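Each of the next two complexes has chain A plus one other chain: chain B in the first, chain C in the second.
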Partner chain A sequence: MSLLEIKDLHARVDGNEILKGVNLALDSGEVHSIMGPNGSGKSTLAQVLARRETYEITAGQVLFAGKDLLALKPEEAACEGLFLAFQYPVEIPGISNAYFLRSAVNAIRKYRGEDEVDAIDFLPKLRERLKLLDMDEKLLNRSVNEAFSGGEKKRNEILQMAVLEPRLAILDETDSGLDIDALKVVAQGVNAMRSPDRAILVVTHYQRLLDYIVPDYVHVLVDGRIVRSGGPELALQLEEQGYAALESAAASSGSAA
Partner chain B sequence: MRAQVATATQPLAHYAESFRGLQGSATTAPWFLRKLRQDGFVRFSDRGFPTLRDEDWRFTNVAAIAQTPFRLVPNGGRLPAPSDLAAYRIAEAAGEWVFIDGRFAPSLGSVRDLPKGVEVGSLANEIENNPGAIEPHLGRYLNIERDPFSALNTAFIDDGAYIHIPRGTVLRSPIHLLFISTAHNAPSVHHPRNLIVVGETSQATIIEQYVSLGRGEKVLCNTATELSVGDHSVVSHYMIEREEEGAFNISTLRIQQGRTADVASHSLLAGGALVRNNVHPVLAGEGGECLINGLFLGRHRQHLDNYMLVEHASPHCASRQFYNGILDGHAHGVFHGRIIVHKQAQKTDAKQTNRNLLLSDTAQIDTKPQLEIYADDVKCTHGATIGQIDEDALFYLRSRGIAEASARRLLLFAFASECLERMRAGPAQAYVENLIQQALGYVGEASRIQNHQESVP
Partner chain C sequence: MSSNTDAIRELAQQDYKWGFVTPIDEDRAPKGLNEEIIRLISAKKSEPDFMLEWRLQAYRHWETLAKSDGEPKWANIHYPPIDYQAISYYSAPKKRPTLKSLDELDPEILRTYEKLGIPLAEQKLLAGVAVDAVFDSVSVATTFQEKLAEAGVIFCSFSEAIQTHPDLVRKYLGSVVPYTDNFFATLNSAVFSDGSFVYVPKGVRCPLELSTYFRINAAETGQFERTLIIADQGAYVSYLEGCTAPIRDQNQLHAAVVELIALDDAQIKYSTVQNWYPGDKNGKGGIYNFVTKRGACRGRNSKISWTQVETGSAITWKYPSCILQGEHSVGEFYSVALTNHYQQADTGTKMLHIGRNTRSTIVSKGISAGHGQNTYRGQVAIMKGATGARNYTQCDSLLIGDQCGAHTFPYIEVKNSTARMEHEASTSKIGEDQLFYLRQRGLKAEDAVSMIVNGFCKRVFRELPMEFAVEAQKLLSVSLEGSVG
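Then we have the complex of A and B:
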């Protein structure tokens, strides 16, 4: 059984259908990438999986570790081991990053019937993960993402992933806004998280990130559907040829359907 | 014309009766006090209670107060048991000074840690035993012309707190004045009057806390504090309103600041049915700084009105007003901040900010900045925001495993803690933090919610 199985998923927002029948299966230990042009529905798919309620599911099914993911609340999905690194991380004034991370860890531990950790026990692990991502400890005492640079926000997302140790991590455009050095650090952080018990879904517009996080499979999402799937070479091909050819193919198959 | 209409609908006669009773009984009162009361009563009688047509009262209808025949709480009632007050004590304070319906009740308080020379006690006692210390200050600052409730309070000056902090004194622990409204079987009013005189180069924190014991007929607590702060002194004043949800509470803090004095007024309005807190600093000496920091948490049908009148009367002074409001249910909040910059107050730097979260469609906020500027070289800014809980932030927290209810509370607490961050770290701040946690439903999690202070060593 796959860790994540998406079957014919349709979703809409404000009456517009954005996802028009997505099918996808991921196994533990695998890294998949979803690529696609702007507005094709990549973030919508990611947010639907993280259970954002603004999207209305009109058809389809998603199984996550055998559970009906679409019946879960966002916090339940997180506690079951799903993690989304946001394309646009949210600033939360007044809540320190350190407190936020510990609250999240404890919420998940509680859900699993484990004891909560206090600030002191939590710190060593946190420090180790910070080091991995080459992050300044000062960021822990600042409000969550508030006045963080673009790169700091993205690192902070990966830091959260590294601390929460999900079974499935979805990274939505984690590469955007990063310079090449920061990109390497982030990729290194993600690669350190690769494990046989974990799947990673890398959502990106550009192939660049995939030089550093080499996926097992690449899927191309165009206009709310996966129109091609293949190995890492598909990403290179897209980089050379662009999405245009696939988009026109999708348009004709769309009108035929 | 308008005054006639007002008097016709307001049963003021019983105030006159109470007033005659007070002036007649206390024949021992010194002349200056009798005169103050007389002036206060005349002013109040002329004016009557304010109406919505009064500019300063546009958003707050006090008809419920005006139409209730409140009587002065009679002398010599039964005192509550000390155990009834346990919940309100602040362990790290210099002590508690307890006032029952405005009257000092020394047996209920305790003094733990007060530096030599500092006096804290009853205004009535001080008037009787040392009127020379009172006369130069009492009634000198409070504006009875502008505010009818201040006039009414002055008409009924009887007891309250008197604090004198001599020059060069540093108080490490806060002074806690605990004002208790007790239940009566007829509508009752009391008018605590407080006088706080801080000498030069001193430092102190004073907490006024208003609570209720028991529930009976309507209670109006109409309190006024005159706080005179000498040159170079640093004073924090806290007003904590947490009376029961049927109570009426009108309070005025009149601050007189000397040269480079640094004063902070912090208020937490969480209880009461109809609450109005006036803060009126006059920056009378050069280089003074005043912070007015407030948080109001309203729910059900509470009406919480924050009124500020900030007078810049000297050059190079800075004032900051920051108010955060969280309103749920049918609660109605008001932020009404007026800044007056007098002609001589060049280089004034005045700022006011009011941020509000409305948690229901029926909650309401009125926010009104008013600037009156007569000097030409000044910097005044104001801003107000009204919003709901940030849904993106809520989803972000939930996506990390934090349950919706906890995530909401966390966001509310984060919003409220902006006010905590403007307080000096210490027992008063910790106490207020705890009250906010309680008010926002943190019960049971309190020890863990210290997010803004959780630091990495």
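Then we have the complex of A and C:
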């Protein structure tokens, strides 16, 4: 059984159908990438999987570790081990990063019937993860994402992933707004998290990130459907030819994709 | 599937967790207000003549106010007319029903106590459970009194102070809030039942944080309480006024007066956590909390700091203020006010700069949920002689849901050109994106809301004594519980 199994998923927002029948399966230990032009539904897919309630599911099924993902609330999906690295991380003024992370860890531990960790036991682990991402310890005492640079925000997302140790991590355009050095650091952090017990879904517009996080599979999403799947070479091919060729192919094949 | 918006609406529909009704036997005076009643109150308390005279003067002034303009009308609050002749102005210390053990207490209240993290012994005290061998409040109180007496600090009920320290009472009573101050303060001056009295002598740093909690059995202050705190030269005192406890008053009107006096180099820190019954979710019932609080920084380098967390009451009308008379004196006001359901709050402060180089800081955080209406009203006045005065004001509003309101009325009056004024204000709404972000990290929706709210209030909570800050945070969380799906 796959860790994540998406079957004929349809979703819409404000009456507009964005996902028009997505099929995808991920196994633990695998890294998949979803690529696609702007407006193809990449971010919608990421947010639907994270159970954002602004999207209406009109058809389809998603199984996550055998459970009906679409029946879960966002916090339940998170506690089941699904993590979304946000394209636009949100600021929470007045709440320190360290406190926020520990609250998240404890919320998840509580859900799983485990004892909560106190600040003293939590700190060493947090420090170790910070090193992995080459992040300044001072960021722990600053309010969550408040006055963080673009790069700091993205690194902070990966730090959260590293601390929460999800079974499935979805990275939504994590490369956007990053310079090449920050990109390498983030990729290094993600690579360090690759494990036989974890699947990673990398959502990106550009091939660039995939130079550093090499996926096992690449899927191309166009107009709400996956129109092509392949190995890492598919990403390179897209980089050369652009999405236009696939878009016209998708248009001509109609709903058959 | 409920959206976050629905969830927010649900949050706003939450019930008062402390609500419990117990029939209470009361020894009440006949309803109505007249000179006889004033004389009766004064006689019951065996007060000296000066007190009776003062009460009568206040009463006569109140009568003229009642006949002319009546209550102040400028606040952004709405309520049906109050019939002052339908209120009983004297009730002997109400007998709380005495329970044999906590087992007899409503389990719902017990759960609330646990949520608030109130220790068992304290729970018993609050619930009015008969004191048993496990917790001897008498000995605790005695130890407490002895420690204060050693330092020379006077801390007693107002009634007691009138008997034991009439000179101090006579000298300072009404010196900050005169009986002519405003309608409610005038009423209080005429009929006040009891309250607290504190005097910290020269150069003494009060060894304990004074809390009304320690006198909870000794004085049932009720509707019209009066507090007078004097810090003599170089003295320091921190006073906590708390009702995180489910103290439910049967009566609607609560008109208290607090006067603080700080002499040279003295410091008074006054913290309040107010959680009176706010009424039900349809806006029925609840306390009208019409309170006058004012401190006078009379001496050089004196400092008065107000911190309040106001989550209860149907209507809150209070403006803890500072008269900055002494040179280099400092006034501070840190406030969190939360209105949910149909609660209304019109609260803020007045900073009156009279002395040279006086400084004031105002930080106000208003949170509105449900149909709550939250108004910040603040006045900063720099008088002619206040050369070098400075004020910093920050006033932020947070909206939860789309049916509540936040209003800001800052009044600034500057009569000295050397003054430096800063004013910052913001209004924000808890966004669906913030909630989703926190929920995606595993936090339940209501925990996410309370985390955002607590973060919003952090600047104020920092000013509270540690254990109070923890209680205040929990209180906010409980007050917002159920607000989101």
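One rule holds for everything that comes next: the second predicted complex is superposed on the first by the 254 of 257 C-alpha atoms of A that agree within 3 Å, B and C clash if a C-alpha of one lies under 4 Å from a C-alpha of the other, contacts with A are read in each partner's own complex, and residues count from 1 in each chain.
Definition applied: a residue touches a chain if its C-beta (ideal position, glycine included) is under 8 Å from a C-beta of that chain, and two chains touch if they have at least 3 such contacts.
Everything quoted here is computed from the prediction, not taken from an experiment.
S.K.: Per the contact definition in the header, classify A:Asp179: touching chain B only (first), chain C only (second), both, or neither.
M.R.: Neither chain B nor chain C is touched by A:Asp179.
S.K.: Now for A:Ala104: first (chain B), second (chain C), both, or neither, which partner does it touch?
M.R.: A:Ala104 sits against chain B and chain C alike.
S.K.: A:Ala50 in the overlay: touching chain B, chain C, both, or neither? Say first, second, both or neither.
M.R.: Once the two structures are laid over each other on A, A:Ala50 reaches both partners.
S.K.: Thinking of the overlay built on chain A, is A:Gln160 touched by chain B (first), by chain C (second), by both, or by neither?
M.R.: In the superposition, A:Gln160 touches chain B and chain C alike.
S.K.: Comparing chain B against chain C, which has contacts with more of the residues in chain A?
M.R.: Partner touching more chain A residues in the overlay: B.
S.K.: Regarding the shared-chain residue A:Leu123, is it in contact with chain B (first), chain C (second), both, or neither?
M.R.: After superposition on chain A, A:Leu123 lies in contact with chain B alone.
S.K.: Using the superposition on chain A described above, determine whether A:Pro89 touches chain B (first), chain C (second), both, or neither.
M.R.: both
S.K.: Quick check on my understanding: which residues of chain A belong to both its chain B contact set and its chain C contact set?
M.R.: 50-53, 73-75, 77-79, 83-84, 86, 89-90, 92-95, 100, 103-104, 107-108, 111, 143, 160, 164
S.K.: Across the complex, what residues on chain C touch chain A?
M.R.: Residue list for chain C touching chain A: 1-4, 431-434, 436-445, 447, 451-452, 454-459, 485.
S.K.: Give the list of chain B residues in touch with chain A in this complex.
M.R.: 390, 392-393, 395-404, 406-407, 410-411, 413-415, 417-418, 448, 450-452, 454-457
S.K.: Quick one: which bits of chain A touch chain B in the complex? Just the residue numbers, please.
M.R.: 50-53, 73-75, 77-79, 83-84, 86, 89-96, 98-100, 102-104, 107-108, 111, 119, 123, 126, 137, 140-141, 143, 160, 164
S.K.: Show me the residue ranges of chain A that touch chain C in the complex, using the header's touch definition.
M.R.: On the chain A side, the touching residues are 50-54, 73-75, 77-79, 83-84, 86, 88-90, 92-95, 100, 103-105, 107-108, 111, 143, 160, 164.
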